Amino acid sequence: MDVLGGLFVDHTLRTVALGSATLGIVSGALGAFAVLRRQALLGDAMSHAALPGVALAFLMTGSRAPLVLMLGAAIAGWLAALAIIGVARTSRIKTDSAMALTLSVFFGAGLVVLTFIQRQPAAGKAGLDKFLFGQAAAMLESDVITMAAVGALGLFALLALWKEFKLLSFDPDFAATLGMPTRRLDILLTGLLVIAIVVGLKTVGVVLMSAMVVAPGAAARQWTNHLGVMVTLAALFGAAAGVLGALLSTTAETSTGPTIVLVATGLVVVSLLFAPARGVVWARIRAWRSRRMLALEAVIADLASLAAQHGSNATHPHDIGALNAVRGRAVVERALSELAADGLARQHDTGGWSLTPRGLAEADRLARSRRAPGVAR
Amino acid sequence: MRIGLRTGGALAIQATDLTLAYQQRPVLWDVDLEVPQGVLMAIVGPNGAGKTTLLRAVLGLLQPAAGEVLIFGQPYASQRRRVAYVPQRGSVDWDFPTTALDIVTMGTYGGLGWVRRPGSSERARAAAALTEVGMECYADRQISQLSGGQQQRIFLARALVQDADVYLMDEPFQGVDATTERAIVELLRALRADGKTVVAVHHDLQTVTEYFDEVTLLNVRRIAGGPVERVFTEENLRHTYGGRVAGIGGRAMGNDLESAS
Amino acid sequence: MTSAQIDVLLVAVVVAAACAIPGTFLVLRRMAMMSDAISHTVLLGIVLAFFVVSDLGSPILIAGAALVGLLTVVLVEAVSRTGLVREDAAIGLVFPALFSIAVILISSLAGDVHLDSDAVLLGEIAFAPFNRFAPFSVDLGPIALWVMGAILLINLACTALFFKELKLATFDPALAAALGFSPAIVHYGLMSLVSITAVGAFDAVGSILVVALMIGPPAAAYLLTDRLPRMLGLSVAIGAASAVAGYWLARVLDANIAGSMATAVGIAFILVLLLAPQRGLVATARRQRRQRWTFARQMLLIHLATHEGTPAETDESRPDHMQRHMRWPPAFANRVVRTATERGLIVLENDQLRLTAQGRHEARAAAVR
């Protein structure tokens, strides 16, 4: 409650919350496309690779203005993407190796540049090391304004070219036959991924920013089968993770980036487990139900065929020893007790079992529906 | 220029001397393809014969090393709207979050131009195309919940929406159920009745004569092409598929074939 | 060179060699990004194990870290097996989460121990010489050298013992399974080696350099050879050379050693990418230029052969026709025709190019392949 109350009074806290919300919306919405285009790891490589960009931008301009550092980060991330695609295209090196190599080499080069900065007089260099894990508390109003402006630009591009990006992500060849410049669209959409990454660098840090690009989209995908809803949800999830994580980290005094990432991961876990239709829990329950139904149907069929062997008296009791041997005692017993409860089978005084007339009718119906082709799906 | 040599009007597709190589390895060598208007043509050949490559080259998705492609006597770029493409079903991610109707609506994007969104008239056209392929009940279904045959029909509907004159299809019968196969055949015939031209990469040699009017036999080079009854002969097939046998079985087979010709 | 410098160099070379061995298989199995994931998450293992033993020097830490490395692999597989997210997204979700937990746990310990997350990422190999292994007060060198030496030996021994299994499971997992070598066991075995190597190395060089040393040298070696044993050897050599070069770079620039080594790996890779004798970009460009002529000549021959004896022949075999149909610039077309004529493959008669017998033969040979 203190934190929530503080939100309206405390200027810093408000800045932090606003900034984190902005970052979450932008990286969530733009990252959703990265998830669909299987660029999650490209995002990771690009965010690590942003480090030398940030450091060089500072070294060359001496400025810590958010726009300057973001621009440096964007250029470096961009170059890393080009290097990855270039190496994978021109040599036998596969994309995964190209990514791992590029991210580690760029990051290493970033460390080298950082040591140059550390040798400079103390004034002004402070805060650059925060780009590793991010620090929400250091967020200034100017940061938030820049993030919002850059992010709005990215979101605007996404909305304006919505149908082009959708088609490019689903079926690029078809897009090309419609006359869309798929190469340039691809470059543009990868550029939006760069924006998704750089808006969060100061808050979440280069090491973990990729998670903020992937997690909201991955979580949102589970709740909907509609692209527009997915991107909107991803923006909301991103904002929620951003604000919650930033506030938590400010009160608990933990690093901001990791806290935000953990909140986002929590959203993913909940979505994977409980999202309607796709959630793992529901899928398990469905599988369990259908297994039970299959067992029931099998036992009905078995009893029916025993009855058929008996000719005239269909409800004559049968020994179920043979059934137990084939299907397993526990399965058969559970199935029989359920059938008995439904009035489809009954146990005779002798201990033997038989179908009731209703059970026989049900067995007949099941047998016929099995034989009818083309009803499935 | 040889436009109009074979028919009164321009050929629907005329590709001359198409040569295409991946990293200097030839995939298509000097291939001519002439498709008259209003026919159903199958492209037949063994794996790696360059069938898909030929389609993609006609569509301008691949740059040929030599040769040119004319659609109704004009370069492809100016005739783009008259050509519709049905890619292989396996070429896309069917877990993409969207509905069957939305996929079909994508066929209208070419006519919309930049930025503009599809509106109710586009969606109505898409719905009509869905009905044509017998999928109207599945409009709001998530695409991953459709069977292979249904997915194929969605792709066909998307091409129908384009209202093109030439349809290029990459293995439309690949892995579909009998119902879909019948539906596709009927659709192809309806297209032909409307004067449309269809070129399809086809694998099933048994059905070529039944489904298609013309056939092009391809194995890196064009082995033969023309009306099915004239071209689809055992000898031509042996030529088409024999090259591959020679590649595996050594020289003897290849020499036999050469001396046979 | 001071003895401390020699110690640093020794540690660096041993780390590079130890990383290159499992890295080779990661590159071949297209799982390079798992090195990134594991090298981050082993931090969690170290922190958790530290909670148990409260001693930063304990070997339990390595075991704990290796276990969490394996846990990373298991979690990634579990998440992607749900079919709800793709494998790339699964990796991108799992390792930041585990790493975040580690960073938060460490910051909760702040002040109590010398373990901070920056150092883990950046590595401080410069301090390696000051942590000595001195049982019974006999100085036997830096601890890092002993630890990494042991890991290098483990990697060497496992690779040598299970060479054929690793090779088979890498190139043909289906065949490996059919022959009774479970690809899963090989997979987890390899991932254990990656984890152990990552945890041992990152104390010395930081997790990012672990990635650079695991993937960079094998990727470069992959451009130099087609044979697995040679690729392993080359990886080790390139890794060691980059480590040494990186160290000197760091000394010259007075910069972070791990960062300089990673940069050196990058430079080594770029050099190989450009200059590799067979697959380098320079060699490829040169070969393609040469092949362009051969290819063009073959195209000309086949074009002539195709239209030989057809009604269109007069049209198709005019020299200026080639420029138009093959989209050749006039100078290029003339040169193709000239070289083909010089080689006796074609002759020019009445403004018609005609195949000679030899030309016809070559056209057929080119078309058959």
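Order as written gives the chain letters A, B and C; numbering starts at 1 within each chain.
Following the convention adopted for this analysis, a contact is a pair of C-beta atoms (placed from the backbone, for glycine too) under 8 Å apart; a residue touches a chain by one contact, two chains touch by 3 or more.
Keep in mind that this is a model prediction, so the values were computed, not measured.
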Query raised in the report: Centre-to-centre on C-alpha atoms, which chain is most distant from subunit A?
Result: B
Query raised in the report: Looking at A-B and A-C, which one has the bigger number of contacting C-beta pairs?
Result: A-C
**Report entry** Chain centre separation (subunit B, subunit C; CA means) in Å
**Finding:** 39
Report summary line: CA centroids of subunit A and subunit B: separation to the nearest Å works out as 36
Report summary line: Averaging C-alpha coordinates per chain, one finds the centres of subunit A and subunit C separated by a number of Å equal to 28
Query raised in the report: Do you know which subunit A residues sit against two or more other chains?
Result: 221
Report task. Quick one: which bits of subunit A touch subunit B in the complex? Just the residue numbers, please. Result -> 36, 160-164, 166-167, 169-171, 173-180, 221, 224-227, 229-230, 374, 377
Query - Of all residues in subunit A, those that touch subunit C in their complex - result: 35, 38-41, 43-44, 48, 87, 90-94, 96-101, 103-112, 114-116, 119, 129, 132-133, 207-208, 210-211, 213-215, 217-218, 221-222, 253-255, 257-259, 261-262, 265, 268, 272, 278, 280
Query raised in the report: Which bits of subunit B are touching subunit C when the two form their complex?
Result: 2, 16-17, 19, 21, 24, 26, 29-30, 32, 65-68, 220-221, 243, 246, 254
Requested in this report: Report the residues of subunit C in contact with subunit A in the complex, numbered from low to high.
Outcome: 27, 30-33, 35-36, 40, 79, 82, 84-86, 88-89, 91-93, 96-97, 99-101, 103-104, 107-108, 117-118, 121-122, 208-209, 211-212, 214-216, 218-219, 222-223, 250, 253-256, 258-263, 265-266, 269, 273, 279, 281, 284
Query raised in the report: Once bound in the complex, which stretches of subunit C touch subunit B?
Result: 288, 291-292, 295, 298-299, 302-303, 306, 312, 315, 325-328, 366-369
